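Next come two complexes, and both contain subunit A; in the first it sits with subunit B, in the second with subunit C.
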Partner chain A sequence: MKNNILIIGGGPAGLEASAQLQRMGYNVILIEKSPRLGGHLAKWDRLFPDGVPADDVLGGLIKELNGVKYFTDTDIRAINRLEKSYNVRLTNGITVLSDAVLVASGFDLFDAVRKEEYGYGIYDRVITNADLEAWFKTGSDKRIDNPRKIGFVHCVGSRDEKSGCRSCSKVCCATAVKQAIEVKQAFPEAEVFCFYMDLRLFGRHYEDLYLKAQKEYGIRFIRGRVAEVSENIDGTLVVKAEDTVASKPLKATLDLLVLMSGMRPSASGKAVGDLLEMTVEEDGYFAVRSGIAAGQRSPLPGLFLAGAATGPKTLPETLADARAAAVEIDRYLTEIFPDARNYKQLVRERW
Partner chain B sequence: MTPLNLILAAQAADPEVIDRIPSGYSHFVIPFTIGMTFMLCWIGVGCVRLLAAIPRADRLKFWKSLFIPKTVVRNLKDLFGDCLLHVKIWQRKPLLGYMHSAIAFGWFMLIVLGHIEVALFVPARLNVARGGLFYPIFYRYFVWMNPGHTTLRGSFFFFLMDFFLLYVLTGIAMAVFKRFRSIVLGMRHTTKPSLADRVALYSLWLIFPLRLLAESFTADLSGGSFLTVGVNHFWHFLFGDKLWFTPCWWAYSICLGLFFAAMPFSRYMHILTEVLWILLRNAGIKPSHPRKGVAEAEIYACSSCGLCLDACPMNVQKKNLKYSSVYFIRFLRRHNEKKINAIADKCLMCDKCHALCPVCVDAPALRRAQRATGNNALPYNYSYLETGVSGADVPSKGSERGGVLYFAGCMTHLTPRIIKAVDKVFKAAGIEYSFADRDGGVCCGRPLMLAGRLEAAAKVIEANKKMIEESGCETLVLSCPICYKVFKEEYGLRGIKVIHYTQFINDLIASGKLKVEKTGERIVYHDPCELGRGCGVYIEPRAALGQAGNLVKARKEYDESVCCGGSLGSLTLDTRDRAKIAESSLDNLLANDPDTIVTACPLCLKTFSEAVSNSGRPPGGVAVKDFAEVIAG
Partner chain C sequence: MVDFGFGLVPSSRINLDLFDKEKYEELAAMEPDVRVCMACGSCTAVCTAGRLVQTSLREAIEDLKNARPEKALEMLGACQLCGKCSMVCPRGINTRHLILSITKVYSAG
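Right after this comes the complex of A and B.
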C-alpha cells in the first residue's frame, strides 16, 4: 500500500523531502502557493561560500523529483484531522487524504520598510539583499548606477528586540560578505563597507570567504550598528554609525546602501499553522516536539516540519533537515501508522 | 445683627430648645473626643512640618498667593469644585461623582448645619471649654425640643439635617456596593485598601447608619424631620416605649473616634490635605523633592480612589497594576525605597493619571523627582558641546534673520518620511526655511529630564539655545512633540515663536497659503501624550486633518487618549510589555474602522507602524501616516 504524503512548500526543503520520499516508494503530493517551485532559492543568483549558481542547485533538486505530483499556485483551503490521517482540501479543488503531512513553509524576508531609520522605500538608493541579488541575476535596477561608495548593513530585522526580531538569521553575515565581493567585482573602483555588530561566520569555508573579502577585495568591516540614514539633495546617503573599535561616531556619504534583511517566520506558513492549530514559539517559528532529538516531529502525530519553518537555516542545513524528515516520516509510516490496534499507544510511546 | 438678638431674646422668654442634660456632657463622647483631638494634633504638627520643608522662596510665594484676588477666587472655586462637589469625577463618571459628592458635600453640610443650629439655639455651647468640640456633633442627644414651641425655622433645620443625612446615606450605600461590583460605577480596577484604610473605611460605612439610628431613637425628644421621625415611629411600633438609645450614641461616637484616629494613617487623610494641596497647587509651587514639602501634600492629598488604575496604559496587563500612580504614592508615603524606585522607573510619563486625577496630583512629576534622586548624580561628559565640535551645523547668521527654523530632532531623524513630508508641505506653501539639524543636532534635553538627569539636560539645552538664538530666526517649528514641550517650557527663547508643525501647518491652511485637497479617506487622529496632555494641543491637528479627509473618532481621545507604548519616558519597561500597550492603543484607535491612523509624533508613528505589521492585519488594511504626510497628499 502506498501512503499519501502531503508536502506543503516547494522550496529546497519541500523539494528535497519530496524526492527522498518518492524514492522510498511513497505517493508524494507537493504543493506550492507561488507560480513556480524553488522558493527563495529561485530568486537568488549565486550561493555562498563557493559562488555556485543558485539555478544549478535548484535545477538539480527539481530533476530529482522524478514523478512527484506537484501543484503550483495552490494553497490549502481546509485541513481536517481524522483518526490517523489528514483530510486536506486544496484551493485547486483537489482533496487529499494524507497519512503524513510535512510542513516546509520556509521563511519571509524581513520587511525593511519597518526599519524606517534606514530609509528603505523612502530614499532611492537604499536597497535590500534580495534587491541586490535580483540585480545580479537580471542586471536591471535603476537604483544601482555605478556607485562609488557602497555600504552593507548587517542584522536588519535580526537580533533586534525593537523590531520584535530577537533571533539571529544565520545566513546574512556570509551573504553580506559574498555580496560585498560580488559588488566589488562588478564595480572594481568602488569602496565597500560592511557595518556589523559581530560576524557570525560559523560554517565551513565561511571564514576563508571573509579573509578573502578583506585581503583580495579590500572590503572594510566596521564594527557598529548604523544609527540612521539621511539623504542629500543629490540623492547620496549620509550614514551615521558608531565605530565601536575606534570608540568614535562615524559619518559616511554613500552612493548605495544594502540592507541585509533577516529571516522572519513565513506569513503563509502561519496561515497553514492556524488551520492545523500548530504550536508557535515566542520567536514566531513552529515548535518541534520537546527534546532536541525530535528535530522534525511536530507536537501533532503525523505532522512533520522541515527547513526554515522551525527557525533560520542555511541551505545545506535545510537540505539535511529535509532528508532527516523523510527518514522520520518513513519510520512513522512503517512502524506506527499501520498498527491500527495499538496506534494510540505507539504514538504515546514513540512519537 | 438684629435677628440674632431677637432670637436670643425669644429664647430667653420662651425657649424653643431646652438643655435635656444640663451639664452638656455624657461619657459616650469620650471616644470621639480622643479620636478627634489626636487627629487635630497630628494634622497641626504635620502642616507645620510640611510648610517648613518647602524652600523659603516657595513658601513666601505661597503666603503671597493667599492674598492675590485671582488666586483666591480660584482657590474657592477649586475647594468647592474639587473637595466637596467632585466636579472632575462627575464629568467622567456621573455615578461615581454622585457617590463622592454625596459623602463629601453631604457630610460637610451636616457639620456646617449642625454648628449653625448650635449657634442659633444654644450659642454658649460653641465655646470649646463648654464642650464646643463635641457638642455640635452630638447636639441631638443633649437637647430637648420644647413641645409646642417649635418654630418654622427649627423645622427648616430639622428638614435640612434629615435631607443631608439621607443624601450621605445614599452615597454610603453606593460606596458599599462599589466595594463588591465596582464596574457598575464605571471602574474596572479599584485599589487594595491597607489595614488603616480598612479600619477607617468600615467606620465610615457605619458612622451614618449609626447616626440615623441614634438620632431616630431620640427624635421624639430632640426633634427631627421626615427621616428621623419616621424611623422613630417605626421603633415605637416595634419596641413600644422601651428605647435604649444610649448604646447607639456610644456606637456612633466610637465609630467617629475610630475613623478620626485611623485617618492620619489611611487614605482618608486626603479629606483635609486636599485643601492644603489645592492652595499650594494654585500658588504654582512645584515639588523639588519626591517626598518632602509640596510632594508630601500631594502624597497625602491622594485619596487612593484608583481612577488612575484604569487610566494607566500599562494596566492592559494585570501584572502591571502595581506600577500605577496610586501605589507609587502609597509606597512613597511608607518610605518603601526599594519599591518606589522600581515603580518610578517603569512609568511611561504619558501623564494620563495626572490629567484624570480628581485632585490633580501630579504623580509623573513625583516620579521624575524620584528618578532625579538617583540619576541626577550619574556622570556625563558633554565637553564636546563646549569645544564647538557640536554635531549641529548652526545656520549662518544674518541670512536667516526673521525666518523659519525647522528643528527635526533625534526621533524625527529616525523616521525620515516626516522630514520629507514637512519639506514637501513647506515648499507647497512657499515657506523658505532653514533646517537646523539637517546633518545631525544635539538632543533637545527632554529625554534626559524625563530620566531625572536635570543637570545633564541643562547642558544640552544651553547648547541648543545658543544655536537657535544665533540663527536669528523668528519662528521655530518642531515636528516632535517631545522637543516641542521642552523648547516651549524650558528654553526661554525670547522673541522666538516656538510652534509645533501641526499648529504651523494649520495656520498655513487657515491663511490660505496652503491648499489641501479633501479626499474621502477615513482618518483617526491619535493624540501624542507630549502634544495633547503635555502641551494642550488638540484642536489644530484635527482642524487641519478635517480639511484633508473625514475625521472619525477613536474610542478614547483628547486627554483620555491612550499612550502608544513607545514613549521614551519609561526606563525599564520591556519591548513585549510595550507591544501589549501598542496593541490596546491601536485597538482604541480602530474603534470606528478608519482607513488611516494619523499621528503627529515620530515615536507614535514608529510604534503604530510596528504594531500594525505585528498585529497580523493584511498589508494595505490600515495605514499609519504622519500628520505632514496626509497634508502633503
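Right after this comes the complex of A and C.
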C-alpha cells in the first residue's frame, strides 16, 4: 500500500522531506500557506558561508520534487488523529487521510518594531537583515543611499528575555558577517561596524568568513550590545553601546543601521500545533520526543517534525534534519504502522 | 580666571566619529595584521613588561580603533620588544613588528 504523507510547510525542510519520501515510493501531499514554495530561502540573496545564490539552492530543491503533489495558498482547516491516521481538512476544500504527518512550519522573523529603542519603523535609516537581503536581490530601497558608516546590531530579539526570547538564533552572527562583507563590496569606501556580545561562528568555514571580514574588508567588531539609537535632524543615527573590551561607553554616528532580527517560532505553525495540542517548550518551538536520540519524532505517534519548527537551524542543518525525518517516517510506516494487531504495543515500545 | 571650585573633565567616552581613518589605513597598509586581532588578550597575559608597568598590545590596538592613539602609545611605552607576545598570538600576528609600526606611524605628529 502506498501510504499518504502530509507535509505542512513548503520551505527547505518540507521540500527536502517531500522529495526524499516521494523517491521512497510514498504518496506525498505538500501544502504551503503562502503563494510560493521556498519559505525563507526564497527571500535570501546569497548564502553564508560560501556566498552561493539562494535561488540556485531553491531551484535545486524544487527540481528534486519530481512530481510531488503540492498546494500553495493552502493551510490546515482542521486536523484530528483517528486510531492510527490523521484526518486533515485543508483550506482549499480537500480532505486527506494521512498515515503520517510532517510539520515543517519553520520560523517567523522577529518583528524588529517591538524593539522600540532601535527605532525600526520610526527612524528612516534603520533596516533589518531581511530588508538588506531584499535590497541585495532588487537593488531598490530608499533608505539605502550611499551610506558611509554602517552598523550591524547582533542579537535583535534574541538573547533578550525582555523581548520574550532567551535563546540564541544561531544564524544571525554568520548572517551579519556575511552581510557586512557584502555591503562593503557594494560601498568600498564605507566604514562597517558589527556590535556583538559573543560572536557565534560555530560552523564549518564560518571562522574563515570572520577572518576574511577583518582582514580583507576591515570590518570593525565591537563587543557590546547596542543599547540605544537616536536620530539627528539630518537623518543620521547616533548609536550608543559600551565597548566592553575597553570598558568604556561608546558612541558613533552612522548612516545606516542593520538589525539582525532573530528567529521566532512560526505563528501559523503554532496554529496547527494548537489544533493537535502539540507540546511546545518554553522557547515556543515544538518539543521533540527525546531531545538527543529522536530529534524528528513529536510526542504524538505518526506526527513528525523537521527544520526550524524545532528551533533555529542553518540551511544544511535543516536539510539534514528533513532527510532524517524521511528515514524516521519510513521506519514508522514499514515497521510499526502496518501491524494492526500489535500497533499500540509497538508504539509504546518504539515510538 | 575665576575659580568655580570644580574643573571640566574631558569625556572618557569613546567617540568613533573622531576616528582618523587615513592614519589607520596608513598603518594597515604597512601592517595588515592589525586588522585581524580578535582581542583575546594572550599578548597582555604574557607580557614581560606588563607586570611592572601597564603594557598591553591588545589594548593599544583597541585604542587605535577607538580614536585614542595617545592611549595606544602609552600602552606600548614600556614595551621591551622581547617578542614573547608573538609566541602566543593565536592569529599569528608579528607583534613586535606591529608595535614598531604603530610607534612609527602614530608618534610622527
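To be clear about the criterion, the second predicted complex is superposed on the first by the 350 of 351 C-alpha atoms of A that agree within 3 Å, B and C clash if a C-alpha of one lies under 4 Å from a C-alpha of the other, contacts with A are read in each partner's own complex, and residues count from 1 in each chain.
Everything below uses one rule, namely that a contact is a pair of C-beta atoms (placed from the backbone, for glycine too) under 8 Å apart; a residue touches a chain by one contact, two chains touch by 3 or more.
The structure presented is a predicted model; accordingly, all values stated were derived computationally and were not measured.
**Q** For A:I122 in the superposed arrangement: first (subunit B), second (subunit C), both or neither?
**A** first
**Q** Should A:A42 be classified as contacting the first partner (subunit B), the second (subunit C), both, or neither?
**A** neither
**Q** After lining up the shared chain so the two structures overlap, which partner does A:V327 touch, if you call subunit B first and subunit C second: first, second, both or neither?
**A** It touches nothing on subunit B or subunit C.
**Q** Taking the superposition on A as described, I'd like to know which of subunit B and subunit C A:A190 touches: first, second, both or neither.
**A** In the superposition, A:A190 contacts neither subunit B nor subunit C.
**Q** Touch test for A:A130: subunit B only (first), subunit C only (second), both, or neither?
**A** Touch partners of A:A130: none, neither subunit B nor subunit C.
**Q** Which of the two partners, first being subunit B and second being subunit C, lies in contact with A:A294: first, second, both, or neither?
**A** neither
**Q** In the superposed arrangement, does A:V245 touch subunit B (first), subunit C (second), both or neither?
**A** After superposing on A, A:V245 lies in contact with subunit C but is clear of subunit B.
**Q** Who does A:L211 touch here: subunit B (first), subunit C (second), both, or neither?
**A** second
**Q** Looking at the overlay, what does A:V280 touch: subunit B (first), subunit C (second), both, or neither?
**A** In the superposed model, A:V280 contacts neither subunit B nor subunit C.
**Q** Overlap the subunit B and subunit C contact sets on subunit A and report the shared residues.
**A** 251
**Q** Can you name the residues of subunit A that touch subunit B in the complex?
**A** That would be residues 111, 114, 116-117, 119, 122-123, 161-164, 228-231, 238, 240, 251, 270 of subunit A.
**Q** With touch defined as at the start, can you tell me which subunit A residues reach subunit C in the complex?
**A** 191, 193, 211, 214-215, 218, 220-221, 223, 243, 245-246, 248-253
**Q** Which of the residues in subunit B end up touching subunit A in this complex?
**A** Going through subunit B, the ones touching subunit A are 413-417, 419-420, 438-440, 575, 579, 606, 609-610, 613-614, 616.
**Q** What part of subunit C is in contact with subunit A in the complex they form?
**A** Counting only subunit C, the residues touching subunit A are 12-17, 19, 21, 28, 32, 35-36, 38-39, 58-59, 62-63, 65-66.
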